[in-house]
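As structure tokens, here come the structures.
You will see chain A twice below: alongside chain B first, and alongside chain C after that.
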Partner chain A sequence: MSNTYLDQFPAEAKVVRAAFYSSFFALAIGGLFGIVQTLHRTDVYRFMDSADYYTVLTAHGVLLAITFTIFFLVGVFTWAVTTSLDRGVENLRFTWAWYGLMVIGTAMAAIPIFAGFTDSIDMSASVLFTFYAPLQGHPLFYLGLVLFVVGTWLAGVDWFRSWRAWKAEHPDERIPLPTFMVLTTTIMWYIATLGVAAAILLFLLPWSLGLIESVNPLLTRTLFWFFGHPVVYFWLMPTYMMWYVMLPKFSGGKLFSDPLARVVFVLFLILSVPTGIHHQYLDPGIAEGFKFIAMTNTMFLLLPSLLTAFTVVASMEHGARQRGGTGYFGWLKALPWRDPVFTGMALAGLMFAAAGFSGMVNAGMNINYLVHNTFWVVGHFHLTVGTAVALTFMAVTYWFLPQITGKALWSRPVALVQVVLWFVGMTFMSNAMHRAGLLGVPRRTAEPQYEGVTFEAAVGSVGELNAQIALGGVILTISLVLFFANVIATGFNGRSDELPSNGYADALSGPEDAPLVLDNLKLWTAIAIVLVIFAYTFPLLSIVQRGGLFGPEVITFPVSLESLAPIAAALEYGGLATVDGVASAVTGALEPGRIAIAEVVR
Partner chain B sequence: MSQSIDESTQTTEIGHDEYDPVGTLALIGLYFLILVALWIFVYFVEFLGNDPTVVTGSALLLAGVGHR
Partner chain C sequence: MNVHTYEKLWLIAAMVLIVGFIATITYGSVGLGIAMVGDQQETVEPTELADDERFGEPRVEQIGDDEYEVYVVAQTFSFQPDPIEVPENSQVTFHVTARDVIHSFSLAGTNVNTMVIPGEVAEMTVEFDDPEVYGVVCNEYCGPDHHNMEGQVHVVPEDEFDLTEVSVDAPDEVDAGESATVDVTVENRMLDGLETTAELEIGGETSVEEVALEGGEATEVTFTVDPETLEADDSDVEWAVTVDDHEERGTVTVIDAGDEDGGDDGGETDE
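Entry: the complex of A and B
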């Protein structure tokens, strides 16, 4: 008789399963669009109009960065809270309600995006994942996003309710580590989503409904990045949770330090939000001083990431030494490399270390100028969300699937090949993207091939980089196909009685070693809010003072095929001032722009 | 309700006080050296290979003004 999560919490296991399957559905469509873009951009195979590229790009971004990741993490968090508190959710109907709201929100946002493919429906939202004004989507897109976010808020309420009920019965106990991680992440998410909620509800939605004439593009952009940077920690913190509480177990050891893990999550709660302006280093209208403060906060974020590198590697080493590993590097051989769950997560961590470097380049104001809006940035986030997060989620799925279905995994060898292929494919694709960015190849561009402009490579050539990107994309697609084959075939397996038990890793240094103050969530929330006020009050006031709450006069661009010609004309004749942020998205005019800036400076 | 590790492959039990993560030190040290090497590489790729940026350009400008 097995003791899986399904045996312990049959009703909750169904919710987690629904969340995971929703997440995989988004991954399948988003992944398909990934290969379409890769082949189109590199000019290896083009079968659609380049104008449709932006619809594909929007669907790819929204479905993968929002839908895939967040559906998966609400499943993981529900598992973590119920397992570590050893109690079911307080009200199952409430749990299904927030899940349902997230599904409805996703569908509402997806309809206008997909309607962008056809002219027969007068609806579109090809505004990319960032939905910068003056690009305007259909109101349904914004409403869908709002409902989705409200669904995640209610999910947070659910987890807090469980914790309060547990606390009433266990007044003197420390919060179990997985629940602690869920709660700190949720508080961070509440603070972060205030930005996007304000951007949509106060400005973008009324504007797309025609209730207000215009918006201040810089204000809505700034509010977007208020949310847009911490959202990456909303993906990363569940990934870190898996590295802290599951990876040591798969390595055959224990978590090195529970107190360190708590410190890391507290630091992320405090530092994630007051950093968003580092995505706007090139935005005119925000003073350099404010950008410098954002950079300083960002650099502090390296601290919890490097603490994580130490704790996670030390936990893996503990496992390796318990399995008989020796030496300075020899212990690496004692790790269970044939286990797809372990190998996938370890390779994801390795890629994250590489992403740490390119992230430091992005974070530094001066060198950011050289890679901003180039393909480098795309290479960077395919290492972070595209590998550290996505590969960890896929790898850990191989452990979760038996837990939530009660069925043995269809094939471990296929799973192992899948995670290794993802790593190899991303090595090709991401490395080439970084290098292409250094040459000035722009991002968000269907056809980065220009007459009169050549990208000169010091090593290799643009053709070679494109070949690597296309090859990487193909390998990643094969990896995805293998993943879905395993998920679907597992669903067709019969129930098994010989599955591993539900659980997570013990700690070498447990919560009894952690200072009590770490569990004082009110204190950390207050500090987080104060830091946000420090970092954002003056920039926001200054933006509103200069550009007005609803903006200076801007020309609205509803995104459709007909609007592309006027946008191009506006860019050509109107200069870049009013549509600065859109410039690269629409015409890829970045490189000539950079050359022009260099000329002016000279 | 955590669960103990997979006992089947474990050969020894290493407790909190006996465990000295020297391998972690070696690995993180290696990562640090790679980072330093990459930073030096960035200097050659970006600052020697390209025209002045807004930042370096204005610094040069200021230096020029100061000199005059």
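Entry: the complex of A and C
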């Protein structure tokens, strides 16, 4: 008889499964768009109009950076809290409600994005993942994003409820490490999303509905990056959690240090948000001093990542020595390289080291002139979110799938080939992207071929770089196909009774070695807020003072031509009544949604 | 808290690395003088750029011996002026703003790169040493034709560079047997004086006038064209005015008495 997560928490396992499958659905479409773009940009194969490239790019960015990552991580976090507290969620209906809200939000945002492909629907949101005003998307796009984020907020409430209920029964115990990681990450997310919530609710949504005439493009952009940088830690923290609590287990050993893992997560909580301005080093209207502060904070954010590198490698070494490994480097041979879960995560970690180096270049304020908005940046984040996060998620899926379905993985060899292919494909693609960026090739461009601009390569050529990017893209696509083959085929397997038990790694140095103050979440939250106030109050005040709260008069540049006049009118005159109506409509919609989803995942 | 010795060493090394990075960036700012695009410039009204003192006329301006200011407007999907011409061995301050959405102004393969945000003015001072043609791209997505948004900066040899503006006022038509007057306005927008010639070529004849201008001055040169010169086989007589490498062209239509057709080619041009 197995003791999987499904056996322990059958109801919660369904939620995690639904979240994972939603995540994979986004990964499939986003990945398909990835290869379409790769071939279009490199001029290997173009079948669509270049104007549609930006619609594809918007969908690729939103579906992968937001939908794929966040659906997966709410699944992981729910697993982490329930497993480490050893208790189910407090109210299952509430859990399904936030999941449903996230699904509805995604669908609402996706409709105008996909409508951008056809002229027959007068709706579009080809504003890219960053939706910088005065480019204007359809109101439904902004509204969908809001609902999605509210869904994640409620998910956070769910995890905090579990913790409080557990704490009432275990007043003197330390917060189990996985739950500690979830809670600190959630607090960081609450602070970070205030920026995007303000940008959308106060400015972009009313503006897209025609309620306000104009916006301050620098202000909404700054509020976006208030959220836009910490969001990367929202993806990265579950990845780190997997490296801390799962990788040592797969290596055959224990986590090196529980207290330092806590220190790392506390550092991310307090330093993630006051760094967003490093995306705006080249923005006019923000003083150099503010940029310098953001740069300093960013550089110190290297610390938790460097500590993680140490702990992860030390834990792997410990595991290898438990397995009989010896010597200075000889222990590497004793690691379970045939295990796709371990190998995928280890390769993801290796790529993250490379990503750290290109990130240090990005973070170098005045060095940033050379690489800002070039293809270099795209290379960088395909190493971070595209490999460190995505490859870890895919690898760990091979462990999670049996846990949440009760079925054995269809094929471990295929899984091993899949994670290695991802690593190889990304090596080609990302390295070439970095190099192209150094030549000045811009990112976010359908056709980086110009009449009057040439990109001169000291080594190789633009043609060679494009060939590597296209080759890498094709390998990545093959890898994705293998991943989905495994996920789907596993679904067709019968129930197995010989699955590994649910659980995570023990620590060599346990929580008893960690100072109590580390678990003082209120203290860290307060420090985080103070740092945000320091880093953002003056820049925001200065931006508002310069350009006005609602900006100078800007020329609205709708990528969607139709404003939703009826909704605008309803909001203007209906006020709160309408909002209440929407809320009850949403809750009403959740019930059938939940049932439908439960059917699908069964 | 129990921290392993190796981990302590690693922690110290990490801190040294971080402080080292911050030090190199600070050195870049203070030692090498690489300033960030900041908030030095006043804001601007994007909808009223046409009447703006700075951006009403996108242009190159000389402000010192080897110092120039360039006022650039980025808009969907072009840059003005294009191309931007500046001399070698010069220090050029770009002022860039946007008429509509967010763009960038980026010289490919260099670290001349800034965001361009409506309402804000990006200021960047750049040193150009040798003559070269730089491609300019917009590297921030700005709409469906974003990939066609490009321009050029031409850094030209000093002896080929001027800020001379030439405009010609010539009649469209003259009655046969009458003389024509061609007014050439030459403006020297450099700080140094300009000594050159204005040359009019019409009906196979060339006349040359000396032009001597102080910095920032403009003058008008008047050519009077004899009726004989205008007697051609065709009733349309072509003319060309040349000042250094600036050339203006047009035609004058000679109308015979009783011939009421008139010419349709204009003669007044502006560079």
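We adopt the following convention: the second predicted complex is superposed on the first by the 559 of 602 C-alpha atoms of A that agree within 3 Å, B and C clash if a C-alpha of one lies under 4 Å from a C-alpha of the other, contacts with A are read in each partner's own complex, and residues count from 1 in each chain.
One rule holds in what follows: a contact is a pair of C-beta atoms (placed from the backbone, for glycine too) under 8 Å apart; a residue touches a chain by one contact, two chains touch by 3 or more.
Just so you know, these numbers come straight off a predicted model, no measurement behind them.
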*asked:* In the overlaid three-chain picture, which partner chain does A:M299 touch, first (chain B) or second (chain C), both, or neither?
replied: second
*Could you say whether A:S84 touches chain B, chain C, both of them, or neither, answering first, second, both or neither?*
first
_Chain touching more of chain A, residue-wise (chain B, chain C)_ = C
*Could you tell me if A:L439 is touching chain B, chain C, both of them or neither one (first, second, both, neither)?*
second
*If you stack the two complexes on chain A, which partner ends up touching A:A107: first (chain B), second (chain C), both, or neither?*
neither
*Report for A:F310: first if it touches chain B alone, second if chain C alone, otherwise both or neither.*
both
*Based on the superposed arrangement, let me know which partner A:A526 touches: chain B (first), chain C (second), both, or neither?*
neither
*Figure out whether A:L201 sits in contact with chain B (first) or chain C (second), or with both, or with neither.*
neither
_With both complexes superposed on chain A, which partner does A:Y369 reach: first (chain B), second (chain C), both or neither?_
both
*Which of the two partners, first being chain B and second being chain C, lies in contact with A:N502: first, second, both, or neither?*
first
*So which bits of chain A does chain B touch that chain C touches too?*
256, 310, 314, 360, 365-367, 369-370, 509
*asked:* So in the complex, the part of chain C that touches chain A is made up of which residues?
replied: 1-4, 6-7, 10-11, 14-15, 17-18, 21-22, 24-25, 28-29, 32, 34-39, 41, 43-47, 76, 96, 99-102, 104, 106-123, 133, 135-148, 150-152
*Would you pull the chain A residues touching chain C in the complex into a rising list?*
50-51, 53-54, 57, 126, 128, 132, 134-135, 216-218, 221, 256-257, 259-260, 280-288, 291-292, 295-296, 299-300, 302-303, 306-307, 310-311, 314, 360, 363-367, 369-370, 372-374, 439-448, 450-456, 509, 513-515, 542, 546-547, 551-555, 557, 559
*Residues of chain B defined as touching chain A within the complex*: 1-6, 9-16, 19, 21-24, 26-28, 31, 34-35, 38, 42, 45-46, 49-58, 61
_Which residues of chain A touch chain B once you look at their complex with the stated criterion?_
83-84, 86, 248-249, 252-254, 256, 309-310, 313-314, 317-325, 327-329, 331-332, 336, 353, 356-357, 360-361, 365-367, 369-370, 438, 458, 501-506, 508-509, 597-598, 601-602
